[in-house]
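Just below sit the structures, each encoded as structure tokens.
Look at the two complexes coming up: subunit A is in both, with subunit B in one and subunit C in the other.
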Partner chain A sequence: MEDMIFYDRLQFAFTITFHYIFPQLTMGLSLIIVFYKGLYLRKKVEKYNDAAKFLMKIFAINFTMGVITGIPMEFQFGTNWAKFSELTGGIIGQTLAMEGMFSFFLESSFLALFIFGEKLMGQKLHFLTGFLVFLGSWASGWFILATNAWMQHPVGYEILDNGKYVLENFSALFTNPWLLPAFLHNQLASVVTSSFVVASIGAFYILRQKNIEYGKLFLKTGVIFGLISSLLVAFPTGDWNAKNVAKYQPASFAAMEGIFETEEAGAEIVLVGQPNMVEKKLDNKIAVPNILSFLTYQDWDKQIVGMDHFEEDELPDNIPALYYSYHIMVGLGTIFIGIMGLAGFFLWRKKLYTIKPLLWIIMFLVPFPYIANITGWYVAELGRQPYLVYGLLKTVDGVSPTVSSGNTLFTLLGFVALYMLLGLLFLVLVGKAIHQGPKHQTH
Partner chain B sequence: MTDTLISLISVFIGILGGLSFGFLFKSYSSGVIGNTIAGVFGSILFIKVFGRLGFNPQAIMQSGSVNMLLFVINMLVSFFGGAIAVFLSYKLKTKFNK
Partner chain C sequence: MEIFWFLIIAVVLAMFFVLDGYDFGTGIIHLFFAKSEKDKEVIAKSAGLFWDSNEVWLVAAGGMLFMAFPTFYASVFSGFYLPLILVLWLIIFRAIGLEFRSQFNYQMWKDIWDKSFGVSSLLLALFFGIALGNIVRGVNLGGVKDGISTYEGHFFFLPLWNSNFSPLTEHPGVIDWFTIIIGLISVVTLAIHGANWVIIKTNSSINGKLKKVIFKLNCALLVLTIVSVICWQIVNPDALNNFVEKPYLLFFPLLYITGLTGLFFIHKFKKDSYGFVCSTLLIVGGISSSLASLFPILLPSVNDVNEPLSIYNTAASDYGLSVALGWGIIGFILLFVYMIVQKRIMGGKIDHMDYGH
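Right after this comes the complex of A and B.
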């Protein structure tokens, strides 16, 4: 049984991690596309329209990859996690179906219209289709986050005699106090990724002395969007999320912050340290006293409970992974603010396009927002353990008893091979689009 | 479990169908990017719609092992789905841009 749960979780972690590479770009990119299209409508400068259409091409490749990698997710609910689906299907089925019916179809239909229909529709309707693609992709995020919010902090449900969960209050799903901060944090983090991708393409064009006009446009947009979104991801949305975790999942909060022992007066914030699970302490710790209490409760001396306060089976089952994921996410977020702040300063001083070392840094920084986004999701998912639905349904009670670990391992290996091919195809297609450049479609 | 893998392989065959059609009939091609995207959606659409006739991934694995005949039919339909999608996207593009 242990083996089975391990492979089921490993397979889900692998497939969802690979899948989330794509939606995190499409959600943020759709906002930048709408921005360019809006600028074009206002200023009638062709380069904004070219930029919007070029980014929509990258959006389309990402969207397609997201669709392909989304297929196994749909299957896994039924195969690996059949018990979970059976028990909670009455609730999560609602939001997942809404995601498919409303958002996915909105996004895919208007994506096709945006790509093919510019001449037929005229510019105002073309802008509208772009806006609807944006709306679809963000609505998709909303419904997925609503599903996850219910798993993190279940509300509006009733448990039937047969153990199944059903909705008692539909609107509670969308007024869940977990949902709004998680949604805003997630969407802004996707804008961070997209801004870095756009800025990176811009830096690449400038360094290669190719499509320089567009390079400058992309770099400027990427830096401005990147700076604003990096700041908003940290505050207020990141702060709001952390406060929610402290309030609703105190055991997870203690684990992700690395608080092994409850301190009576004020908790320190750990900057560096390695969790030692044998001695239940942090090795080589560098911490600042009382800051965590202040950040969480605006009170320097407020007590924050440590992991010693909880029973062993109530704590997340992989504390080091949770702790490192959280600190990687926060550390990278801080670096993003620093780099984008610096780039913003040089943009303001009109020197950014000539500082080659900074352009190289911006160009090669592109994988890191992906890492920050994915580790952010690891924090949410590892922090919820040992539950699938926090406080109600343990992970061990949600797996399918009939699927063997050997079978799961076989398909996992198959996914790894196919996803490697898919990843390669993705890089080739995006590389080709970037090589062709924004001018390609109009000139 | 294996049916999940089959559905992914099916999508890859759809991409292959789209790219092959674009390569053989260059006047209908939307470029490598366009043909790949059309191949994916054509394959998914065809398998979702026609797979219910008895060759969707679940039906292929119904006996517990892979039914090779149904598997081949699935792959062929997926291949043609990808190819037809490239043709249709060309037609759509031409009509929209008249």
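Right after this comes the complex of A and C.
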């Protein structure tokens, strides 16, 4: 049976990974755009308005990509995961339909107004449209996280005799203890991505000796937003999420931390090591004793259960991938704090714009927040396995009963080819916008 | 409560076809009639400025269908697996075409994306018509073979076509001569609709010519409509029973007939927007008549073993539906506010509209 769903899982993983490149930028970037637009309203310095409009161009390209790669996500619930949709549609359909109703309409209506309507409506209204775009994109994140939170930690439901999940308490979907920490963590992580992108464009302009005035502005904004968001992603939100996993999904927690055996007393934190699934241990392990117990429970000697505590079929089915995703996310997050801390220090000492090695590093740092965001989602999704709805509905039981894996492989290949083209065009367009710079006006 | 949600989703779906319909139609017009670069650019722009906010209606319709009729959503989306994924790919190609054509001032580049925009629009119009044809014709629910279901009764899987392209067998495919006719109706209707959109939204040099095109297309549509009704009777003899039993449902075909008749007077209209109203009536009338003919069924079964899917056997719980009605009303009020704001700021011809202007 596992093989039957392999291509369905791969197709979903591939299309969602590609899709999530775009929203993670637009959510954070809309915040920075609103920030610039607000500064312009207060200080009336033309530079801030140009910066906001320039970033909106990059936003618009990403938004379009997000829309066209997002429609396949919604369709795939029905096409590839029909049994899951049939059983849980009465619940997660609510949050997904609300996303369309409250966020996409808002975002798309006011994005068009922001881009084409500045001269038609005056500065205050223009700021307001920008703010509404920001609100729409964050509302989208909220509803998607509410959907995912229900799958991670189901609440407010009742199961009928025919196996269908029906909604029993609507407000429970939004007071789910999983939702708020996951939402904040995710949104802050998207601010990390966008501020690193803005900082990178700034570093590029300074190094290239072009648009230097904007380069300094972007670098400064990117470093300040980047430092604050990197810190908040780790603590308190990252910490809060980890505690939730330990509490609600202890098997996933053991797997992502790489704890094969339950220790008598406090658990060590693993920094480096490769899971060896044959001998059920970590190879080449470097670990610090008792730290994990302290981080999780503020108690050095508290016991944390390891993977040996659980039945084979309750453990995630790809432990190494989960373990690596988690360690890559945490490792990168730590590096981000370090680099942005250093950059923030030099910014404070007014030396940042002249330290070339650091500018080069910031410029080339761009792919890594994307990797951290995406591996973060892998932790959530791989950690939930073997379930679609944690503890209740297994992934193998959610797949479409009538779609053969041959058909799925066919469409998967199509998506891979199409998204390669899409990715290429995307890079060309963003490259063109950055090359033209903020001063450029199209006619 | 099921009826409420059926009506809401029908309205959202009709909005999608009216709104995204004009930009599909614009693509068809662009493909066949736009010759000069100036016309090509402005016609592509008349779709390019609006397609993404229009496509949101598809996302909204999908989301609501998922929430209100999860069994129907699951069954139809997995049953029409291949055609739906093809539709997704076409939507992506079309969007690329619209968004990328003006990025580089290089003729070959523009030609490629113009074709991509035009051809995908044409195929999408055809596919959406074929989809409607499939819904009114019905499918082999449960994948019945020799009187025994292969799957649970509400699931099915349709091949793209069967060996003789006939809707009259036990195993109809997605494409057969009946669904092709409905597909052609859809292409012609949306082409008319798109032409009307180009006329009201741009000052292109072919606006005068497009009125003649609309007239000719409308003649073709009249013929196709008559043929399709006859074929529909052959494929499904009970097709028109609902209209006989509940004559007030004839209101919907009447909308269609009004639109069809109106468009024969396209040359005499004092305002260009009348033409657009007529083609809107065509689309709304066509979709609502098809849904009314089936009601309360959503998807007929071509075998006697499994029950058709109806609004009653596929709906979510009453509690869920009534909660959703609450937020739905709030959502729609907000939506109409956005639309009014957008219309007030961005109404009128778009020829000179550009970034920041």
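As a convention for this text, the second predicted complex is superposed on the first by the 440 of 443 C-alpha atoms of A that agree within 3 Å, B and C clash if a C-alpha of one lies under 4 Å from a C-alpha of the other, contacts with A are read in each partner's own complex, and residues count from 1 in each chain.
Operating definition for what follows: a contact is a pair of C-beta atoms (placed from the backbone, for glycine too) under 8 Å apart; a residue touches a chain by one contact, two chains touch by 3 or more.
On a predicted model such as this, the values are computed, not experimentally measured, just so you know.
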Superposition on subunit A - do subunit B and subunit C clash or fit: clash
Partner chain(s) touched by A:T17 [first = subunit B, second = subunit C, both, neither]: neither
Partner chain(s) touched by A:T79 [first = subunit B, second = subunit C, both, neither]: both
Partner chain in contact with A:L120 - subunit B first, subunit C second, else both or neither: both
When both partners are placed on the shared chain, which of subunit B and subunit C touches more of subunit A: C
Which of subunit B and subunit C A:N318 touches, first, second, both or neither: neither
First (subunit B), second (subunit C), both or neither touched by A:E168: second
Subunit B versus subunit C as contact partner of A:S109, first or second or both or neither: second
Contacts of A:G100 with subunit B and subunit C, given as first, second, both or neither: second
Which superposed partner A:S405 touches (first subunit B, second subunit C, both, neither): neither
Selected from 5-13, 41-49 or 203-211: the stretch of subunit C that, after superposition, runs into subunit B: 41-49
Set of subunit A residues, in rising order, touched by both subunit B and subunit C: 57, 61, 64, 67-68, 71-72, 75, 79-80, 112, 116-117, 119-120, 403, 407, 410-411, 414, 418, 421-422, 425, 428-429, 432
Sites on subunit A touched by subunit C in the complex: 53, 57, 61, 63-64, 67-72, 74-75, 77-80, 82-83, 85-94, 96-102, 104-106, 108-110, 112-113, 115-121, 166-168, 170, 400-403, 407, 410-411, 414, 418, 421-422, 425, 428-429, 432, 441-443
Subunit A-facing residues of subunit B, complex: 1-5, 7-9, 11-12, 15, 32-33, 36-37, 40-41, 44, 89, 92-93, 96-98
Subunit C residues within the subunit A interface of the complex: 49-50, 52-53, 55-56, 58-60, 62-64, 66-71, 73-79, 81-82, 84-85, 88-89, 91-93, 95-96, 99-100, 103, 143, 151-152, 155-157, 316-317, 319-320, 323-324, 327-328, 331-332, 334-335, 338-339, 341-342, 345-346, 353-357
Complex contact set, residues of subunit A against subunit B: 57, 60-61, 64, 67-68, 71-72, 75-76, 79-80, 112, 116-117, 119-120, 403, 407-408, 410-411, 414-415, 418, 421-422, 425, 428-429, 432-433
